[in-house]
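The two complexes that follow have chain A in common; it is paired with chain B in the first and with chain C in the second.
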Partner chain A sequence: MNNTTLILGNGPCAGIVAENLLTAGAKIIIATRDDTCNFDGSADTGALQIMTQTRLISCKGSVGNFRIHGTQKNKPVTIDAGRVIISEEDQRMPNFSLYGLNGSSNVITLSQMKHLLKDSSSEKTILSEIKKVVFLSGLVKESTPIIAKDVMLFSLLLQKDSNIKTYILTKNLKVAGDGLESLYRDTKNAGTIYIKFTDVAPDIHQNDEDPVRIEFFDEITSKNFRLTPDMTVVDESIVPSEYASDLAKIFDIEIDLSGFVQADNVHRYPVLTNRKGIMVAGPSRSIRDVDDQRIDAENAALAVTGLSGEETKAQKAQVHDGQCIRCLTCYRLCPYHAITLNSRVVVMPDACERCGICATHCPRHAVRIADLEPEAMSALIGTGGGIDKQQTFVPFIVAFCCRRSAARARDLAVCMGYHLPQGLRIVEVPCSGALSYDHIFGALGNNADGVMVLTCHKGNCHSEQGNIYADQTVAQIREMFSRIGFEKERILIQTLASNMGAEFARIAGRFEETIKELGPSRLKKIGLSENSTPTKSKIGKRK
Partner chain B sequence: MADKNVLIIGGGVAGLSAAVELAVLGIHVELVEKSDFLGGHAIGYACKAIDNTCVKCGACMVEEKLQSAVSHPNIKVLRGCQIQDISKNHRFSASIRQEPLVIDRKKCTNCGLCLDRCPVDRAILQGFSKNNHPFYAVNKERCLYFKDHSCTICKDECPETAIDLDKSASEHTIEADAVLIATGFQPFNPKNKPYGYGRFKNVVTALELENMLKRSGGAKKPSDDKPPQKVAFIQCVGSRDAKLNHLWCSKVCCGSALRMARLVRERQPETEVTFFYIDVQTFGKDFEPFYREVREDIRMIRAIPADIYETEDQRLKVNFVNHPLHETREDIFDLAILSVGITPGEDIGTLSRIFEVDPDEFGFLKGEHKKMPVSRNGVFTAGTVQGPMSIPEAIATAGSAVWGIIQYLKR
Partner chain C sequence: MTSPSEIIDMDRLDHTRCRTWPFLQDFCVTCGMCASSCPASGIDGFDPRMLVRMASFGLVEDLVDARWPWICTMCGKCENVCPMQIEIPDLVRNIRSRRDREKVPGILHKGLVAALETGNNLRLPKEDFIFIIEDVAEEVAEEPGFEGFKAPIDKKGANILTTIHNKLVNTHTEDLKHWWKIFHAAEEDWTATSENWEGTSWGYFTGDDDAMKVMAGRIVEQMERLEVNTLLWPE
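Presenting the complex of A and B:
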């Protein structure tokens, strides 16, 4: 077990992570692509190693034992670390094109305005010739509080210190940040004029170095206006750096819609990734302001500490060499990157989270998790349903429920006093991605009249895709059933969250109704099952 | 650190997350909660997934944290508790008053008979999570026994003899090495706003809609329990309000309201939704596509209504200024949802006095660690006691406070 933590990044967030871990007595390596490292901790303690001009190329291993290859000053280098924290800085892209503008001496970005406002005699002169500044923000693409804060702050400085008239043209003003509503009031009191648009956007015309001409219909006064500012400031979009995106590929980390290095999945919040031992903090994971970055940095430090003593006794996936043909299906599908390739295919037990996706999808049945095997689970199903006192058919319904979501929703439904079907049998699974044809046929073979697969919502699966694999499996079975003339309605897949007690009861109730209408399953093993004597006669009648 | 003890005040999502993080590191936690239930406001929030897809509201995380907290041996929970005083002489010594917990935790089987038989509305409260055991509590403010001893039906009918209405309050002393204040927020009370809240049955808060969705899965009119045809969401009730000196955006209401609006539209397609707002705030990483769908599905009006009147048939007449045309318009709705803001908790005054921490200009407790990594005096804050924030943010501030606490304990 390697106790060193590798921190990737050279910004404030990486710095706070480093500082926190050093204070806590941890060993760290900071690796940055830059020529110099901004973190000024003393390297003499032996706890800190700084690597500049370092780029990573690949990563092998699992939590506690990562082996990372890369280059340092263009020479190959190997880094061994127990954990990795990705906290590369984001980047700001000017939104010129969104407004049909080109950058020029009088059309600048928010970052350029920030430089102008910094004290410097030559730059002051530029501002001293200016009387009117227009800020364009969030007019085409929705903005964020971080950008809105800059817009308002710069506008306030221009109004107050340089006596420049400022206009902020925006759609939705993003004030969902600390102190932003107050800042908004301050800018208004200082004389900044806000023009808010709802459905239409202003017409913006640029002709070389001439002042930009902005024409619009004002919703408040119902009048047409024209602005010709001496300077137009264009807002920016915050996006992940290219290197952060590279790191996502190198470490096999799920990304979000905008390419930030963390899946948009509540189970990963705040700093976890799909790979145990690899954390992501600050601007690498999302658009984060200064306070957020500090909070992330502390959470990352905490996550590193928390990982050290973790042990679990549950059974992990195992590859049975004799059957493995190295097709690499398991390697491709494992959401946790827990499978490594040496001369053989090997599961790294520390990284395996028992979702069972590998076992289900292995075409040779070479990967197995003993207690999730169809036979083992069939034994849990037992028997149920039959005929009640009124001689009516009580369907035996098997519900495979994700441990984190549907199984908990069922508990809540019971607690809330909802009526659940009499013949309902719950089988908890770590992830519905573990369910194969064999599990579902096993349930039908166990005399189930209907089988429900109740899984997590899309985007909420702890194993990212487990619920989607389950959906595919069920869709294939239903398709097959309709081809062979068996009622496909006997198989149902639905998504639920742990707090959906009412919805669980509704889904189970409706399914029971469906099965009652269909009658007992033709797959019931007549005469074999100890409880099915009354059901047998009913089946007989159907035939 | 196994000999260390941390006192957490407040059993909402921030307090629970912090408790779990500390407990897994082997630190003992005493978690005191004022109410009868753990989970804070957020345990009553509904899952707002649309089209079988998670919208990242974080409500399920509260359930998960609660489950982990109640099952961890290092966490001791005391419900019905309030801090009376605290002294510090190397360690903290907190005196706690515990209101009587009328329903015996060990005997109660959650059968619900007390609620069924109780003659008074809301005198028996029902929890929101099966991890809150017992699932029921006696509301002393409405219970007749606590008013004039005139009713003992619940006690008499309880098959487990789990109810003892004569139980008396108790005092406890808790010794701790560090304290985390996670007392959360107070939803803005809109009774003084001209929207008829508290007078018109079909004017409810967004929190009440959350609870309604969680309990029954749908939006209904409180007046007749039927689904509404037309629903109005009114944003910024008690937020961004200069008259109240509430110069803050509550950050989470746009997300919560629009997600609920879409959920209502999905589950009850015949219900029309109108959304009154000032500025729609960005929430979630998939805001752009979400907002695009919202604008197709929901009528968006950029105005905050002036007032609401009730019609004779218990419908609601909402007056607002329609800007481009400069006219005052009125529209009729069946249900109005007020997105009430996040305001400082009612105990902030007491807490800041006991702990000698000054609230910020608006009355929230930022706590010392906001500025420095290790709090000097061993008192930390997490969650909405610091100011408005979402469930994921509350969890993140809890982690950050826990990191601070560990460094403080190691010093």
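Presenting the complex of A and C:
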């Protein structure tokens, strides 16, 4: 196990991660593409290694043993690390085109304004010739509190220090951040005029170096106004750096809709990714302000120290060489990048999260997780239901529940005192993606009158697609059932979140009613139940 | 006043003109709570939010010329719901005060001028006032339990001096009786004055502080004249 942590980035967030880890006594490497490293680590010699002008190219291995190839000063370099924390800075793109403007001496970006306002700025004298400044903020594309903060802060400075009249033209002003409402008040106090647009947009005209002419209908006074500011400041969009996007590909990490590293998955704690041992903090992860970045950095450092010496007794996926034909299905499907290819296919146990997707989809039944095998689970299911004292039919219902959502919803239903069907048997699975035909047939073979598969909502799966695979499996079985004349209503798939106790009870109750109407399963009558082991092809699963 | 289609050049507006006004109109977040709570909102285009907005833009002339600041009833609901504590009724009153007095809407202006000249909004002569009061008092005295009732006008040293709203001696004389019957039952030592008895002060509505001072001062004079310490001002 390699205990070194590789930190990627050269901004404040990377710095805080480094500080925290060094304090905790960890060994770290900071790798930056820049010529110099901003982190001053002169005090720590043994624990800290700094690599400048370094770019990564590829990564192999799993948590505890990553082998990373890259270039340092254009020469190949290999880095071995147990964990990686990505905290590359984001970048700001000017929104000129959104407003139909071109950058010029009097049409500048927010970052350029920031530069002008610096005391050290040699161009600060420009401001002495200016009387009116207009800020365009979030008029076409929704802005963010970070940009709103800059807009308000610069407006305030212009009003107070340079006696420049400022206007902020905005749609929704994003004040959901610490101190932003108070900053808003300060700008109002200083004399900033806000023009808020809801249903209409201002007409913005630019003609070479002439002052920009902005005409608009003010929705509140119902009057038309014209503004010809000496300077127009255009807001910016915060996007992930291209390098952070490259890193997502190198490490095979999911990205969110805006391209930031780490998907918006509700089942993952902040800073953790789909790959164990690879964390992402601060501006690589999402649009985050300084305080958020500090929290992220501390969380990432904690996650690293928390992972050290982690041991788990749970059984992990294993590849049985004799049956593996190297079709790479498992490699392709593993959401955690836990399968590696050397001369043979190997599961890296530290990276495996036991979702079972590989085992279910292996056409040769070569990948297995012992305790999730259909036989092992059938033994757990046992039998149930039958005829009660009043001689009425009590259906035996097997519910396969994802442990992150449906199983918790069921616990909640019990806690809340909801009535659940008498013959309901819960089978908890690490992910609904672990369910194969054999699991479902196994339940029916165990005398189940109905089978429910209860998964996370779409887009909420910890294993990214496990619930979608389960959905496909159930759909195929239902179709097969309708073709052979068996009631497809005996199989149900539904999505649930962990807080949906009442819904769990309702779904189970309604399913019980359906099964009662259908009566006992015919599979019982034909004596499938005499053999308690499920039907299974000797060669492997046909799927 | 600007016409609706005209484009107002913001560069020529001085947004600081109303900054000395103490009503916090610059803090408006344009949420519209005032407009949605206002019972007069929408009447002839009245909209408290628009009023606040125009004040912070510095469109004072437009506000002063507009008819709709006069639609406001000063009920204060807007101020009650405003998240930024903007004192909208005071703002309205301030705007009204800036209008040329000759252009103050008819009834308010005439009534106030009449009150300043004659002591009451109706220009009711003193003799007529006394006649009405005595006549109503006689009617009260005819009712069982109120035998011998008399309205004590100009009674020196009474406990309470009450002002009278002009409509009570004009169209609503019945309402005088309710007050008097209560005084009678409570054995209250009360009086009203034969001069400057008017309780309403329309300077409040027209934003005329000087007129309000005159009207209030007259009531104080009457209290001093009749040596009464307590005033009942049922307005």
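Everything below uses one rule, namely that the second predicted complex is superposed on the first by the 519 of 543 C-alpha atoms of A that agree within 3 Å, B and C clash if a C-alpha of one lies under 4 Å from a C-alpha of the other, contacts with A are read in each partner's own complex, and residues count from 1 in each chain.
Keep in mind that, in the parts below, a residue touches a chain if its C-beta (ideal position, glycine included) is under 8 Å from a C-beta of that chain, and two chains touch if they have at least 3 such contacts.
Everything quoted here is computed from the prediction, not taken from an experiment.
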item: Partner with the higher number of touched chain A residues, chain C or chain B; value: B
item: Partner chain(s) touched by A:Tyr269 [first = chain B, second = chain C, both, neither]; value: first
item: First, second, both or neither for A:Met480, with chain B first and chain C second; value: neither
item: First (chain B), second (chain C), both or neither touched by A:Ala379; value: neither
item: First, second, both or neither for A:Ser222, with chain B first and chain C second; value: both
item: Touched partner set for A:Ala314, first chain B, second chain C, both or neither; value: neither
item: First, second, both or neither for A:Ser143, with chain B first and chain C second; value: first
item: Which superposed partner A:Gly191 touches (first chain B, second chain C, both, neither); value: second
item: Touching both chain B and chain C, residues of chain A; value: 185, 196, 220, 222
item: Contact set on chain A toward chain C in their complex; value: 132, 165, 167, 184-185, 188-189, 191, 193-194, 196, 215, 218, 220-228
item: Complex interface listing, chain A residues touching chain B; value: 19-20, 23-24, 141-145, 172-178, 180-182, 185, 196, 198, 219-220, 222, 256-258, 260, 264-266, 269-271, 286, 291-292, 294-296, 298-299, 301-303, 305-306, 404-405, 408, 411-412, 414-417, 456-460, 494-503, 506
item: Residues of chain B defined as touching chain A within the complex; value: 21, 24-25, 45-47, 49, 52-54, 56, 58-64, 67, 110, 112, 126-130, 135, 214-217, 240, 242, 247-249, 251, 254, 279-289, 291, 302, 323-326, 370, 373, 387, 392, 395-397, 399-400, 402-404, 406-407, 410
item: Chain A-facing residues of chain C, complex; value: 2, 4-11, 15-16, 19, 26-27, 29-30, 49-50, 53-54, 56-57, 59
